[in-house]
Amino acid sequence: MTLRFGVIGTGAIGRDHIRRMTNTLSGGEIVAVTDVNQEAAKQAVGQFKLNAEIYPDDQSLVNAENVDAVLVTSWGPAHEQSVLAAIKAGKYVFCEKPLAATAAGCMNIVEAEIKHGKRLVQVGFMRRYDSGYVQLKEALDSNMIGEPLIIRCAHRNPSCAETYSTDMAVTDTLIHEIDVLHWLIDDDYKSVQAIFPKKTKRALDHLQDPQIFLIETERGVHIHAEVFVNCKYGYDIQCEIVGEEGIIKLPEVSSILIRKNAQLSKNILMDWKERFIDAYDKELQSFIDSIRETGEPSGPTAWDGYIAAVTADACVKAQKTGVREPIALKEKPDFYQDGSESKR
Amino acid sequence: MTLRFGVIGTGAIGRDHIRRMTNTLSGGEIVAVTDVNQEAAKQAVGQFKLNAEIYPDDQSLVNAENVDAVLVTSWGPAHEQSVLAAIKAGKYVFCEKPLAATAAGCMNIVEAEIKHGKRLVQVGFMRRYDSGYVQLKEALDSNMIGEPLIIRCAHRNPSCAETYSTDMAVTDTLIHEIDVLHWLIDDDYKSVQAIFPKKTKRALDHLQDPQIFLIETERGVHIHAEVFVNCKYGYDIQCEIVGEEGIIKLPEVSSILIRKNAQLSKNILMDWKERFIDAYDKELQSFIDSIRETGEPSGPTAWDGYIAAVTADACVKAQKTGVREPIALKEKPDFYQDGSESKR
Amino acid sequence: MTLRFGVIGTGAIGRDHIRRMTNTLSGGEIVAVTDVNQEAAKQAVGQFKLNAEIYPDDQSLVNAENVDAVLVTSWGPAHEQSVLAAIKAGKYVFCEKPLAATAAGCMNIVEAEIKHGKRLVQVGFMRRYDSGYVQLKEALDSNMIGEPLIIRCAHRNPSCAETYSTDMAVTDTLIHEIDVLHWLIDDDYKSVQAIFPKKTKRALDHLQDPQIFLIETERGVHIHAEVFVNCKYGYDIQCEIVGEEGIIKLPEVSSILIRKNAQLSKNILMDWKERFIDAYDKELQSFIDSIRETGEPSGPTAWDGYIAAVTADACVKAQKTGVREPIALKEKPDFYQDGSESKR
Amino acid sequence: MTLRFGVIGTGAIGRDHIRRMTNTLSGGEIVAVTDVNQEAAKQAVGQFKLNAEIYPDDQSLVNAENVDAVLVTSWGPAHEQSVLAAIKAGKYVFCEKPLAATAAGCMNIVEAEIKHGKRLVQVGFMRRYDSGYVQLKEALDSNMIGEPLIIRCAHRNPSCAETYSTDMAVTDTLIHEIDVLHWLIDDDYKSVQAIFPKKTKRALDHLQDPQIFLIETERGVHIHAEVFVNCKYGYDIQCEIVGEEGIIKLPEVSSILIRKNAQLSKNILMDWKERFIDAYDKELQSFIDSIRETGEPSGPTAWDGYIAAVTADACVKAQKTGVREPIALKEKPDFYQDGSESKR
């Protein structure tokens, strides 16, 4: 049984998922496409020689009989409505981040999914599928380092667009750490404080760069997260977890070892698109496989999308107030308890 | 256009390729299966829920109208006949190593393919698709380290089966280095000398382990290749290339970095199957993609299969004589010149 | 000209310096010894076969004609009086940390030295002589990474004594980071905040462990310093500096690389005494050499001792208040301006 | 008791040892100097402000009453006569490599020392004092990797003088590996084969570069030693030992870790003098300490000097003949059995 997909939004990310589904993955196929710009939808169909129907809007696409699952890759503010429509139609939905533009919007989706009674939604947080993070998760779950106490992480880009603003350090950048860290340590966030260190001369006037976020979890884990989007030297994702019995750290990106010009070196990526290329493939393949095998997606849930939204709101507030801000999550519904227990 | 495959041989490797084609890759499908043990063929069809016909022998499978390409995963001595049948039928063929049991058999295939006039055959040397080797190849082709002068490599297994014999160090183990090294440096082998160092106490009486092969290429590159199949500590593939301007080395397998028990460590694999798991996927996906896009496979050719056979023969002879043995290749047919020129 | 030393205090550190001076270093000799426990002083003379006179107290030792320089290795509260006596007598003095028990005591020494008119005092902060820190300093001074923006460091011990208390995380442990970091970046501290993450189960009830200190410098550098004295896995000193153009990190302790038992590993020290063994030798040799060559010591000054005291006081206060505390240094006297300008 | 040294030969190495003895080490002092160029001897005395007498020749210096030990740092062909004179006078002697210009000359020294009845001679092979090699030795002696089976090593210089000739790859370069490897594995050499790989374009016409030496030991260990003196990228010493239970490898030179310009790098030395600077200090300090504590030196013996000479002769012969040449050592005299047994 091939899973038949409808795509809502054929911008860069939408076309990338279409390419992935068509040329790389197994078990899925694009049968429907829509975009607010109908011409863009047509071009996507042509570019990838899809045998797919073009729909006028998300509503009609979602309700098409031959559509089993929906890929939501439109712009952020439109996500909520498409996801709700998919849930209403009982269709699976893979939604790129953010799940909704607001925490309240995420909660609407959570409630709709619970009402539907079965998991339909997966949010596009791909890091959980990166082999380095998977290794960290396995080490933590097997209790290799005991209880986690401190996490240090960094998210660095060589440079950023002029339009990149101080709050985007949270909503576009830190958002990936926000999702992956609570998953790694199976804990909830409690509060956050933002610190602005000395600013690099490479950042434009309107942008604070680098930034530090000090996040505390319910169990007391101290997270020190650096966002530095004009670091110049490379695209670099670091994550180190200090536990009671030892410390584990994300691998460097695999590179040949070079002895040349008085240096022993490895290459660092400059382009963020290469860093998680395998993880993007794996998250969507997992979405397909999990639905085909179990009838439900197994990746980041609507509840994870809600956590990301609430936490991001608190981080943005902390940027402005300079003091520690609470991260006030509602209680996790039973619906999202997966019953899995780590060995710690 | 989906490429329709027939599989000849449904043993462990055959079933692994069936799984890969069915669950992981894009653009191919299994439509025909045969095995000398018809019951095994039936089980494979059942296990993977294939919509595939079972044929009584390779001949009939190859000639089936709906078969576009053949996967030869039977035992080695049967490969030649199946590959020749496929070429005769004008079908694409992906053949696991060895291409044929003898150098003469490989040459029969080479001649048949040349006579057919178009590339049909790809041999299953997966290392060329490993990201580490690809990085080495790119570095060499971009002239990063100038002319290569010396190569040191090692192929180590924690332990081996009782049935593993001294010559299998060449035919089962070194064979992968034989293929990948001449491809890396775009050079031909000239001679080989075998050295038996002190034997590990872990090797059974009948087995020489470790072994060293000193291979010289036409341009004078000195290759020092270690085979050590009872090294105990892990499955470990090493390759370092010394050039005029610098040295490059295969990456270690990506692993989290662990601080624990007075050690700073990375994990080493114990199971060889994990080491090239991505490369296996990529080689077969590349076979499919290349045929769909250009009408010919682009991986290791029948000529590469012939090189491997002649070189392996010389290495086995060198094990016995203890002296330097020539590696006497016929001249490379124009048919296999790909016109690509490295920048060196 | 051999520099003739008097030693005040023949406990463990005192005897270690006597051993060093006698068996390892060049250009110095122990000619006088005192200890509040005269028996201990006698034993030290015997143990190292010193040709040295035993004095009843620091005052008489300092004033002995044949004493050129004094090593103050008594317990902390006694340091101030001995150092002041040495300055009054115009003798060079190498004083183990702390320079004095209070910031006010350090200021007394600073004022006495200024009044004397020439540098006499060096404080025993040995990290500035560690080859790793020296490399960091050279990289920063040569502007390799541009302006420093963020520093992350960690000071970890496998375990600590029962008597180790929460404030000793500052006065015994962080004190080394306090000295070395402002020297590295040539900057002054401005404020500090202490954070207590989840406590390791290995720490006794009375001890907060690990602890985090967030220090801000005058130029805005953000320092994240971890103290973790029951980390179990090893004695480990980490320091990473994020700059505008790149990042530099302290080397791991030099170790052979081991492939064994499915791990690729280096050794981590368990004993702190081994970590800076070379630096201890170099700091005292430098004290001797600098005085012999220039007439003044060139290492950490009395002013550095004052900075350490003021900063440590603020860190201890921050442990108690939980809020950001100012680090209020007086203005640096011209006397301690060394005229050196980094290239940044 | 200070050990009083006479120095024979005040060229670059001689002056370096004078500087070391005078400014860095403890327990030794230069009291006598000679050089075939008396003016050079005078300059050395002046440069280091030595309180030392200048002698007209080695004979008179050796016999001076206040000379306890002799440093032989003249040119190689003169070593034998000076060492023999020192032994005759019953003086300790530290002799830079080579111990003598020929194997026969070394044997003369061995016989003279045995006749004298006590160890007097230490040869200047400093690598045994390098902390990396010491760690390898400790690992081997503690049986960490079981029996050694294969050694791969490399000795690389960025470039060499025009006068450097093909045989100097043995006598000036490989000589250090020759000494340190048999010490590491406590084994004797049996035979050697030389291989000349493709030559780098950076080597002058008269020089073969790189070169490979394949040495076999009595226990069957296979050594693959690369000498590459125009490798361009750095001064780099590599050594890896493959054993039955694991593999150990010499550490890279300690360097800060740098993230800059899309590379994660460590520095490689360009100047060989920096590589073993600590080992030079330690070998001479050990010579002094061992004599003061035990009455005999404990470093490389005259017999080790003889081993180096015989092995180097065989390597040079192997360069010319192209075939495997025996390394025919006489039986080791009981005098040089140190009774130490490794745990293997």
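Here the chain labels run A, B, C and D in written order, and each chain numbers its own residues starting at 1.
In this section, a contact is a pair of C-beta atoms (placed from the backbone, for glycine too) under 8 Å apart; a residue touches a chain by one contact, two chains touch by 3 or more.
Here the structure is a predicted model, which means the values were calculated and not measured.
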item	value
Pair joined by more contacting C-beta pairs (B-C or A-C)	A-C
From subunit D, the most remote chain by mean C-alpha position	A
Recurring contact interface, reference A-B, options A-D, C-D or B-D [over half identical by residue number]	C-D
Between subunit A and subunit C, centroid-to-centroid distance (C-alpha), Å	45
For subunit C paired with subunit D, centre-to-centre distance based on mean C-alpha positions, whole Å	37
Chain centre separation in whole Å, for subunit C relative to subunit B (CA means)	59
Touching two or more other chains - residues of subunit D	233, 245-247, 255, 259-261, 266
Subunit C partner contacts - residues on subunit B that touch it in the complex	233-234, 236, 252, 255, 259-270
Interface residues, subunit D side, partner subunit B - complex	146-150, 152, 195, 197-202, 210, 212, 214, 219-222, 224, 226, 228, 231-233, 242, 244-247
Touching residues (chain side subunit A, partner subunit B) in the complex	22-27, 131-132, 135-136, 139, 144-145, 245-251, 254-261, 266, 285, 289
